[in-house]
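Both complexes shown next keep chain A, but they swap its partner, so chain B is in the first and chain C is in the second.
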Partner chain A sequence: MTGLFSEVFLGALLFGAVTAAVPLLLAGLGEQLSEKAGVLNIGIEGMMLAGAYLGFLGAFYSGSLWLGFLTGAAGGIAVALIMALLCVRIGLNQIVIGIALTLGLEGLTALLHHFQFSRSYPRLPAADATVIPLLSDIPVVGPAFFKHHLIVYLAVALVFAMGYLYRRTQLGLNLQAAGDKPAALDVAGIDVIRTRTIAVLTTGALAGLGGAYLANVGAGLFIPFITNGAGFLGIVLAMLARGRPVWVLFGALLFGVCLSLTTAMQVAGINIPTDIIQMLPFLAVMIMLVLFGRRASLPAALGIAYERGAR
Partner chain B sequence: MSIDTAPGASANALDATSGAATGRDILHRLLMTLGPILAALIIAGCILLVVGVDPLAYYGYVLEKGLFSPLGIQQTLTRMAPLLFLAAGLIVAFRAGMWNLGGDGQFLLGAVTAAASAPVLVQVMPAWLALTCSFLISMVVAMAWSLLPALLRAYQGVNEIITTLMMTFLGTSLANVLVKLVFRDPGTTVPQTRTLPVEDRLPRLFDTTITSGLVLGLAAIIIVHLVMTRTAFGLKLRIVGANPRAAVHAGLGVPRLTVAVFAISAGLAGLAGAVDIIGVQGNVRADWNPAYGLAVIPAVFLARMNGFAAIGFVFLLSVLSIGGESAARRLGVPNHFTLVLVSIMLIVLALAEYVDHRYNQSRKA
Partner chain C sequence: MPADKRDIVALEGVTKRFPGIVANDGIDLSIRPGEVHVLLGENGAGKSTLIGMLSGLQQPDEGRILVDGKPTPITSPRHALALGIGTVFQHMMLVPTLTVAENLLLGGPWWQRPRTEELEARVAEITRSLGISVKLHAKVSELSLGEQQQVEILRAMVRNSRLLILDESTSMLTPKGIEELGALMRRLVGQGLAIVFITHKLKEAAAFGDRISVLKLGRKVGEIPPERFRTLSEQEIISEIVELMFGKQKDDPEAAERPTRTVRADAGPLLQVADLAVAPTENAPGLSSISFDIRPGEILGIAGIDGNGQKQLAEALAGQRAATGGSVRLEGTAIEALSVGERRRRGLRYLTDDRLGEGTVGAFPVSINFFLKQVGASPFWRGGVEQRAEIDRRAAQLVREYDVRTPSLKTPVARLSGGNIQKVLIARELAEGARAVIFNKPTYGLDLANTLASRQRIRDTAARGLAVLLISTDLEELLSMCDRIAVIANGSLVGTVANADDARTKVGRLMIGLAA
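Let's look at the complex of A and B:
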């Protein structure tokens, strides 16, 4: 118990919070994009798992983390392609297909893992961190926030890039129109189907990247069901963020602290059963939803497939 | 933040096409059901080929163990009992346009409640009364677990997909806490609840090992089907499912009905847990989570939320899961394959329906 508030503990807690937050951030940003364009993506958990599995494969066989991130993103895109075809192009029910994709990918990645790695459980070497000079010298906070893999900083930069995309670019406006009033976008001469497809595929890439980070950097290995609801947490983040990427970042950090607290408390040997500690992040979600759920706003045409000329 | 893609809406569209069922219609429906299943078996078979398993041998083994062996078919029918209760709960929710995806949490809490209460109650009262009480308590506990998502959806408009999923994660952990800390049997070294003696469990049917829970499950799903299709209450729920706004204008108390739907759906999931414990398992071991709740969702969709069709698909799911469990032990193909197979089925069926719909439209035009 003495170690609870020591510098080392706090440093580890914050470092872990950032590590845990990155997959949530990427998933949340992806889900936000998809929802803005009018596609509710319940399959994001499946996309993350595909990214985690393929990302691990890529990094394991090539020895390069970056190649792993690339294959992870590709895995997410591959699943998103199915979603785009079925839900955007031919307009099947997004929730049904989303559930099917999540369940299918849970099974498929666990199955493939069983045949490849269930005997060896290979691990990747620890990811090398990019140390930001000066800032990383700050006690406690420095090492926790400024000694991460380069992709973490890129993910944070993406938050602001997304903000810029939504506010300042034509594409961003088109995306939001596709979610709020697709017919108006169609009349303006922009292809709704294409706009939504771009959104879904980008979501897949981000979710896949998040999954790959979770497996390669966060855990250093792939195990079945490794995401453990991270994709669903991403959906919650997107809901509570009310369309603002910065809020996704804050939310991801908050949930990251909860997730990190679960591991930190176990490491610190605090005598609380793991099952209770594991409830913490989900409890936080429910509290957030009770407090702020009502104020969440979603695009008008979310979840409704667009068909030109349909009444 | 409610989303208008009510699951009931697609089902109603499907129902509309089924007017008078002529012979051709029935043949067409049969083809539309069996075709996608066959296609899914072939696609999933390709996955087996990739991992180096002979798909024909695998399917043959699953069928033999889950369907054609005397012991296997009895296990399959026994497995159906909890699955039928879960399916019944999902039918109520989905037809009313609510995505109760929290079945697993509700199931586990119901199971733990039954495991905690039944062995104690049988010591103080006659077995039939003890089991009935146990069933009722499990139902109430599961209902209570769904109250928060229900209230959030009914009065705050918070999307229930997320809240029920989150409650499932919480419920799974809570069930474990209860087994390990509160209801742990002091007499065993492995963490598990006290065991209900075999003679106090639900009786078996005739001279078989099939649990009489199967009869309860069948009754539950048929009653649910009849209530949803033949009663005013069912009609109200379906109106809420088809168009919540129109339901408000029709004078229906949508928030109250919403809470009722969640309570019924979760109560049935709790009963599923109770029937599995009181009928089959006898106790709950720590970290036990069969995840039936998720596996049943595709079966209910495949059955288009029709109770009778759901019985068929639950049977299929049972065969796959019992056969799959044997195959996992013998052929080394993990159970996860069943999950893959069922979700491929769901996607292929949705696709087939779309193609069929398109074909009909172009023929009419």
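Let's look at the complex of A and C:
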């Protein structure tokens, strides 16, 4: 109990929070993108798992984290491709397919991992951090926020890039139209199916990347079901963020703190049953939903397949 | 019919089928530069379906479309735009969450930044010649339907089409707006554009057209070519059209007869509104001190240019919009604090002008849409269970009574033609227990026969002793039905006149801001 409020403890807590937040951030940004375009992507958990599994394999065999991120993103895209084909092109129910993909990928990755490694869980070497000069010297905050792998800074930069995309570009307009009134986009001469497909595939890439980070940097290994609901948290974040990427960032950090606190309290050996501690992040979800859920505004055509000329 | 060299677009034997219906049946049509080709036909005749094929939304099942004399399947809306075919669709095609400017920019190359400055300059140029003003930076959801229609016309203009298609684009405009659009069409065809113009108002057809084609039940039943059109007077054209459409002769079917109903002067008011106020939003006017009484059997008209608070008034009365002050009494009881549902139960009904948005649930069958506002209530629901048989029985009755053209009771309501959706709404609102009814543009988009029938239905409603508030931008309609007409401008009533011989001038003067 003594160390609970020490500088070291606080630093570790925040560092852990950022590490835990990054996959949520990437998933949330991805989900936000596809929801904006009108596709409810429940398969994102599956995409993250595919990313975690393939990302781990890529890094494990090549020895390069970056290659791992690449294969992770590719894994996410592969799953997203199925989603795009079935839900966007053919127009099947997005919720049903999303759940099927998630369940399918949970089973598949666990099975493949078992085949390959049986019951062993090989570890990757710790990721090397990009230390930001000066800023990282600030006590507590410095080591917590400015000593991360380069991809973390890129993910944060992505938040602002997405904000710019949504507000200032033609593509942003197209995405919003695809989600709010696809027919209007179609008669303006933009292919709705293509727009939504691009959105879903990008979501897949982001979710895959998030999964790869989770496995390779966050945990340093792959175990079955490693995402443990991170994709679903991403969905919650996207819903609460009302189309604004910065809110996804804030939400991800908040959840990140909760997740990190869970680990920290267990490590610190505080005398609370672990079951209760582990409920913390989900409690936070509930509280956020109760507080802000009413204000969540979703695109009008979310979840509805578009078919030209159908009324 | 062999295609003519002068046609920029021609249809040859085009057929389109939907489950249970042949929407277009072997249609030939020639569209030429320098001509306004008016397409007429009753609700469900297949006009919009035809437009859907010209704009790349639908493919014909049989027949072909020729562009500049060459058979050209129009494969997508993008293709249609590239061919120079610009369409203003019957149902709004704007993204409600984007601004007007963003909507106009939609469709640009995705890698570009939206070119707002360029657009602004272009829009300023066009609006000046159109004589309209458009709030470029307002969100579309905050505009009235009339304003949205103007935006859509503007969008078609911005695109520089060589064939401009207007599917009922005058339905929401004011008389002045219609005149201006007519003048614009004449100017455009003067410059060599081709225009296809769909309307239900025969006077517009006669005034702005060069060539008229009439559709009936998916078939083309007649055409008046320009050579003949020019030799006929307006009256002759109208009676010829009426004969083609309905097979009966009548001079001016829409001619306004003033109502002969008499309202009992001693009856107390049924609907009383006093000092009703609604706060304005950024782009919509509020309401201030609206007061009026309507007695049983009386029809009070609200005239005015669209977007002056009509929608706010209707919604505030129905309880869908929070009032900031004033009182509303129905049969003497204050109802301003009651919920939408409770007001409805007490007999206050509201027929919205937003048929597809708030009026109906598009994917639900016609039968359920009749009873949307009674979901959960007996006899259609018992103990939370839908009573299919009862619903269907009653729905079938309403379909017959209101002449709703639908393949079946199970058809999703959005599949019906615009006019038939409106009939479903009217039928629903006039159902049992109505005491006072607010009609917001009840006949827009209805064909002549249905317009007349609906007006008669509204008159009958009043004759049964109900109070009727009739909001319309169509002055003829108000003059033909109301006992009194109030004029709304900028959210307040600027005057009320009795519907006597001089009502037309008086209302007109009030509308342009002069005292009656």
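Following the convention adopted for this analysis, the second predicted complex is superposed on the first by the 310 of 311 C-alpha atoms of A that agree within 3 Å, B and C clash if a C-alpha of one lies under 4 Å from a C-alpha of the other, contacts with A are read in each partner's own complex, and residues count from 1 in each chain.
Rule of thumb we're sticking to: contacts are C-beta pairs under 8 Å (C-beta built on N, C-alpha and C of every residue); 3 or more make two chains touch, one makes a residue touch a chain.
What you see is a predicted model; the values in this text were computed from it and never measured.
With the C-alpha superposition on chain A as described, chain C and chain B clash in the combined arrangement. Legend: residue contacts after superposition of the two complexes on their common chain; A:Asp180 is shown touching chain C, with no touch to chain B.
Contact with chain B, but none with chain C, is seen for A:Val290 once the two complexes are overlaid on the shared chain. In the superposition on chain A, contact of A:Leu249 is made with neither chain B nor chain C.
Of the two partners, chain B and chain C, it is B that touches more residues of chain A.
Using the contact criterion defined above for the overlaid structures, shared-chain residue A:Ala52 touches neither chain B nor chain C, since it reaches no partner. When the two complexes are overlaid on their common chain A, residue A:Asp191 makes contact with chain C while staying clear of chain B.
When the two structures are aligned on the shared chain, A:Val96 is found in touch with chain B, with no touch to chain C.
By the touch criterion defined above, A:Met279 reaches chain B but does not reach chain C.
Of 63-71, 297-305, 333-341 or 369-377, the chain C stretch that intrudes into chain B once chain A is superposed is 369-377 (criterion: clashing C-alpha atoms). If you check the complex, the residues on chain C that touch chain A are 52, 55, 57-58, 76-78, 81-82, 87, 89, 93-98, 102-103, 105-114, 362, 412, 414-415.
Taken together, the chain B residues at the contact with chain A in this complex read 1, 3-5, 7, 10, 47, 51-52, 99, 101, 148, 152, 156-159, 161-163, 165-167, 169-170, 173-174, 176-177, 180-181, 294-295, 297-298, 301, 333-334, 336-340, 342-344, 346-347, 350-351, 354.
Per the touch definition, chain A reaches chain C in the complex via residues 168-171, 173-174, 176-177, 180-181, 183-191, 299-300, 308-309, 311. On the side of chain A, the complex with chain B involves touching residues 40, 42, 82, 86, 90-97, 99-101, 103-104, 106-108, 110-112, 114-115, 224, 229, 232, 235-236, 239, 273, 275-276, 278-279, 282-283, 285-286, 289-290, 293-294, 296-298, 302-304.
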